[in-house]
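Presented below is the structure to which this report refers.
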Amino acid sequence: MSADGKFGDYGGQYVPEALMPAIEELNDAYERYVLDNEDGFMDDFRARLRDFGGRPTPLQRADRLSERYDREVYLKREDLLHGGAHKLNNALGQVLLAKYMGKERIIAETGAGQHGTATAMACAHLDMPCEIYMGERDINRQRPNVFRMKLNGSEVNPVTVGRGTLKEAISETMRDWATNVEDTHYVIGSVVGPHPFPSMVRDFQSVISEEARTQAREKLGRLPDAVVACAGGGSNTMGAFAEFVDDEETALYAVEAGGSTLEVDEEAGVAPNSASLTTGTEGILHGARTRLLQDRDGQIMESHSVSSGLDYAGVGPELAHLVDTGRVTAVNVDDDEALTAFHRLSQMEGIIPALESAHAFGYLESVAGPDAPDSEEADGLGEYVVVNVSGRGDKDLESAIEETYERDIDIAPNMDEFTGGL
Amino acid sequence: MSADGKFGDYGGQYVPEALMPAIEELNDAYERYVLDNEDGFMDDFRARLRDFGGRPTPLQRADRLSERYDREVYLKREDLLHGGAHKLNNALGQVLLAKYMGKERIIAETGAGQHGTATAMACAHLDMPCEIYMGERDINRQRPNVFRMKLNGSEVNPVTVGRGTLKEAISETMRDWATNVEDTHYVIGSVVGPHPFPSMVRDFQSVISEEARTQAREKLGRLPDAVVACAGGGSNTMGAFAEFVDDEETALYAVEAGGSTLEVDEEAGVAPNSASLTTGTEGILHGARTRLLQDRDGQIMESHSVSSGLDYAGVGPELAHLVDTGRVTAVNVDDDEALTAFHRLSQMEGIIPALESAHAFGYLESVAGPDAPDSEEADGLGEYVVVNVSGRGDKDLESAIEETYERDIDIAPNMDEFTGGL
Amino acid sequence: MSLEDAFADGPAFVPYLAAGDPDYESSLKYVEALERGGADVIELGLPFSEPIAEGPTIQNAVVRSLEGGMTPTRFFEFVEDLDVSVPLVCMTYYNLIYRYGDESEAQRASNTSGETVSNGPRPFVEKAAEVGIEGFVVPDLPAEEADPLREACDEFGLDLVFIVAPTTRGERLDRIMEQVSGYVYVQARLGTTGAQSSVSDQTGSSLERLTDYDVPKAVGFGISSGDHAERIVASGADGIIVGSALVDIVAEGHENGDDAETVADRLETLARELKDGAVAGASQRPPHPERT
Amino acid sequence: MSLEDAFADGPAFVPYLAAGDPDYESSLKYVEALERGGADVIELGLPFSEPIAEGPTIQNAVVRSLEGGMTPTRFFEFVEDLDVSVPLVCMTYYNLIYRYGDESEAQRASNTSGETVSNGPRPFVEKAAEVGIEGFVVPDLPAEEADPLREACDEFGLDLVFIVAPTTRGERLDRIMEQVSGYVYVQARLGTTGAQSSVSDQTGSSLERLTDYDVPKAVGFGISSGDHAERIVASGADGIIVGSALVDIVAEGHENGDDAETVADRLETLARELKDGAVAGASQRPPHPERT
């Protein structure tokens, strides 16, 4: 990263002028508190991650997957973090930073509700008023997360414009920020948005790879040959990769949501996937230049994935840059493969993953599973693979069961008795 | 505990003869593997608790509660354990023991579904076939947990006899065990049942107090003045107390479910509470002599609590004994107080507790809260209190919201928009 | 007549019914029909709310009886009201025995501590003896925990029957056989009570373990026809215990709303078939060295 | 006429409409009505799918226009079809400028890598110049990122208008004022676009910061009546920018199914009110040292 928040040509600060002073103030706070640990900010943050968040999370050997894939498969257990996903690393960091900055109000957007719940938890913990913007359609799809946010004392503001999903919620939150910028901090939920967000969120999330690296050395006396993480906006991804970027011997795989197909319907403005690294093009969205799902004119397309946390038309600029430079390999896994992987991990390891995280396991299966064609890709994974379990699947139970039922995933348990009553 | 599994007059092995050989075999395995660490069983168990389960769980200072109660309040975060409750400590221990014993099949009962999900997770992790008995009424009340068990590959067997709740499910599981005793292990979910279960489950759960004791010394350089834990069967309770029992300076509070009232309706055979330590009488249930909710004739009463995990007519024999001897103080908190505490912890600390665990916080409020009468009880808590957060409340969202709505808990967020659609 | 005596004249037929199933009056008639059908001993169930050793058939009988208002006190009245002359064995769970008569109403009213300490099994046994019960079967009371009940039985001259499971062997078996009196209840298969369509093959070997013990051996669990009865006695049993097959008749009659006389006749008919089967079985069996 | 010239003869009235809202033909009429109502410059919105700086009124206009099939290509046709003589400013988001004309259809079809690299803003600016657009306002393009667009504008002789927010001060302000040309868009209040029932009091102090910069100052955000316009010009503004209040008329007409002529008349009426207000405001203001 250069000082102006550029990763190659990506990144930058494409926001309305009204927000620029806030972003400069934030950047200043980021440099002082996060980078220079002023007032012991980072120590405070790390202590809270430990005591409130439950860090470190284990690096667990997956015995049955290791056997299946004929290599050492280790799981980085972010699903065990308070709230059930890696999202808390970032939310806690940003809310704490806002507190150090003297802000008095927190706003955030949420799609699946994971970032919203993490932010609501962090705000309750740190005694900050909080409002969360969430598309009306998402509110209806993700009720338990709405309940959790409200129980933690946050307001949930339904966004009714447009299609009522994440994209609209982000825009709406930016509008609130532009109106209340003086006392309000906007907690962005991934490594996206204008500088310093992509760097700052990465730094808060990089505790994942920092721990994993140390744990790998302790457990196997060496670094992994590969790290695999799903990529929506890319925050768990950058978190899992950051400390390995300089370890040339460790391959890094970012697994995107292939949705139902990689083909796009330009007429309808719909991409039935969220594979912006694989199929996207360069553009500017939500404050940064990055890879996007957009039509020929530059209008943003509606993305799709069975996992709502990956369902976003953009991706973090740093991750896009690392893919362009070849340091990170972007791959993708479709809805069916992800659902199958969801069931496989649940049955074989006793861990019900978030549908987002299931994509990472789908990749393992597709290159190293018993039905995988012999390929160089499997060699690329090497002997010793770390997979980031970015979150737990409790939030996905109903949709996983419904989607499974519609698709007839063969390893799924019989849930006929429930699919009616959902 | 004496060698025959008695705690004073409590405990023992009141089971059908067909089960006695299995219980003797289990006792033998318990002594060899658990007590004597044969084949490194305990090392294996502890390593799995760490890597798969996410131990140690933090001992977190609750900043805002400490302020509210004018003393140091620390939380033992069992809610962060894999699966969301302390139940995994026991389930993993027993399933692993069954594996060491050469058993080929696991059965378990479950009420709220927490023990069932923990057992299903442990079985998937250890590749053991598993069947869970669950009352039909509970199946309908606890769907997400039913989904989780099935996703982890367990069979869920509905129990339709009687009222279709935990009591019936336990009886049904005992019947299965009596039929398949040779290759099957019955994973009992709390410190109840015939010897060696109460001792063995306590030993698996005592990792809670073992960690808490060490963490307390590290963080405050001393032991806590009091440990507070909710008590249903009493497994999180005994787990949180075990290593403190010999520390005379640490007071131990077992918080039972006071339900709607401590009065019982003998005619109907219903106790609108689950306070067997407070209001129960000595008797024999599910294999052990202990304190029970029973009518004058010795028929077991239907218990009640807003929290289904506390909704049981019996209690562990060791805990009953510790209460009789005065080492543990039994107290209780009613449904309304528990719900209020549920909301308070969610809002003030960003932790949505299980309704079971909320009872422990209800006790704190009732003796040390701003509206508490000045009392010796508050002094009993001392300066430094550890509260065991036995589980997270994700499983309770819907019922907590419904029950809150019916009762009009004043600190609750407005959920009117949702109470219709539940 | 003592329990052991009931086994003296050839194989004993020991039927079971839950007292008060489905109601007090009908149940009296049903139990009496068993005697007419040839019962040598009758096991009378006092229903407990958590019948962990029973299969669905008897569980449901227990529920019907409890809903009909059966209690230990009513049970003793029931026994007094019964017009049968064969010995009666009370089959129930230990908590009911343990809690009975532990406190008077007055004690209870004045007890504010909430603690009530049981007086143990003695009051129950005393009362049972008074109404003419000859013995007990307590499925959740293993020999290890039986001393207090054993003592009370000895004091009042009652027998204490124990169940021996297919898995019971060696030292455990000795310990049980030391405690047992009246007869030993030989469980024919693992599992819980319930009528079966075939009879367990293990009966012969089950009984073999027990040849050295000088007490009548009654085999139960799953017997439902005269044919079963015959084969089991032919394998060496001194008696047969039949519960669920009889309870099924009660349940069916209850569901169909049949009148009590009709149901009683059906019970008598099945009882006779079972008794006849047992007698037929006895004639096929090799002369027994110890029990001639 | 250049943009700056439009501010030469007294206060400029700068209305905004989204091109193609609610459909192509009606929208042409609406824009032309603005000129009849006295517009000195017209800001024409090219709708982007993520209008992060707009309030609900303009968001909904964007949705209507997109649903009506508006695209950058259609937008340029629209400008060509327009019969107005005042200068036009294109208001849009940077991604549409950035992506325009980056690849021909043929290039695209033969591109299998999935990577398409933009040629930057030049093709868009070139095309805009060709159809007669005089300048741009790009709300999500801060001065820091504006160099490529600035260069293209210089090349083709277009102006680049920047927005100055109430929070913009000091160094930031300098940086913006270095880049700006045509006029500076003075945001009257924090937040997003949208008609307001009262006018911001901060206008005077907002403008004060800018006295030293020699470029016309047009104030926008929330102006909805002649009265507002008057007060703002009286406070020293060189022009007023009005969007949402006009878009509201389009939206209402669309909802009620009113015919395009009627709606155009209403727009003309409000435009005239606003223009008159601005003119009235000018007469109240103290003589301006720099701009006489």
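Order of writing sets the labels: A, B, C and D. Residues in every chain begin at 1.
By our rule, a contact is a pair of C-beta atoms (placed from the backbone, for glycine too) under 8 Å apart; a residue touches a chain by one contact, two chains touch by 3 or more.
Predicted, not measured: the structure shown is a model, and the values here were computed from it.
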item: Partner chains shared by subunit B and subunit C (touch criterion as defined above); value: none
item: Label of the chain whose CA centroid is most distant from the centroid of subunit D; value: C
item: Subunit C and subunit D: spacing of chain centres that average the CA atoms, whole Å; value: 95
item: Centre-to-centre distance between subunit C and subunit A (centres being mean Cα positions), rounded to whole Å; value: 65
item: CA centroid of subunit A to CA centroid of subunit D, Å; value: 37
item: Numbers and ranges of subunit A residues touching at least 2 other chains; value: none
item: Junction residues of subunit D - those touching two or more other chains; value: none
item: Topology of the chain contact graph, where touching chains are joined (line, ring, star, complete, other); value: line
item: Chains touching one another, given as label pairs in label order; value: A-B, A-D, B-C
item: Complex interface listing, subunit A residues touching subunit B; value: 50-52, 54, 57-61, 63-64, 77, 79-82, 84, 120-127, 143-144, 146-148, 150-153, 343, 346-352, 393-394, 397-398, 400-401, 413, 415, 418
item: Residue ranges of subunit C in contact with subunit B within the complex; value: 48-56, 59-60, 63, 66, 71-73, 93-96, 98-100, 103, 108, 114-118, 139-142, 144-145, 162-169, 172, 176, 187, 190-192
item: Residue ranges of subunit A touching subunit D (in the complex, touch as defined); value: 4, 12-18, 20-22, 24, 161-162, 167, 170-171, 174-175, 178-182, 269, 278-287, 292, 294, 296-300
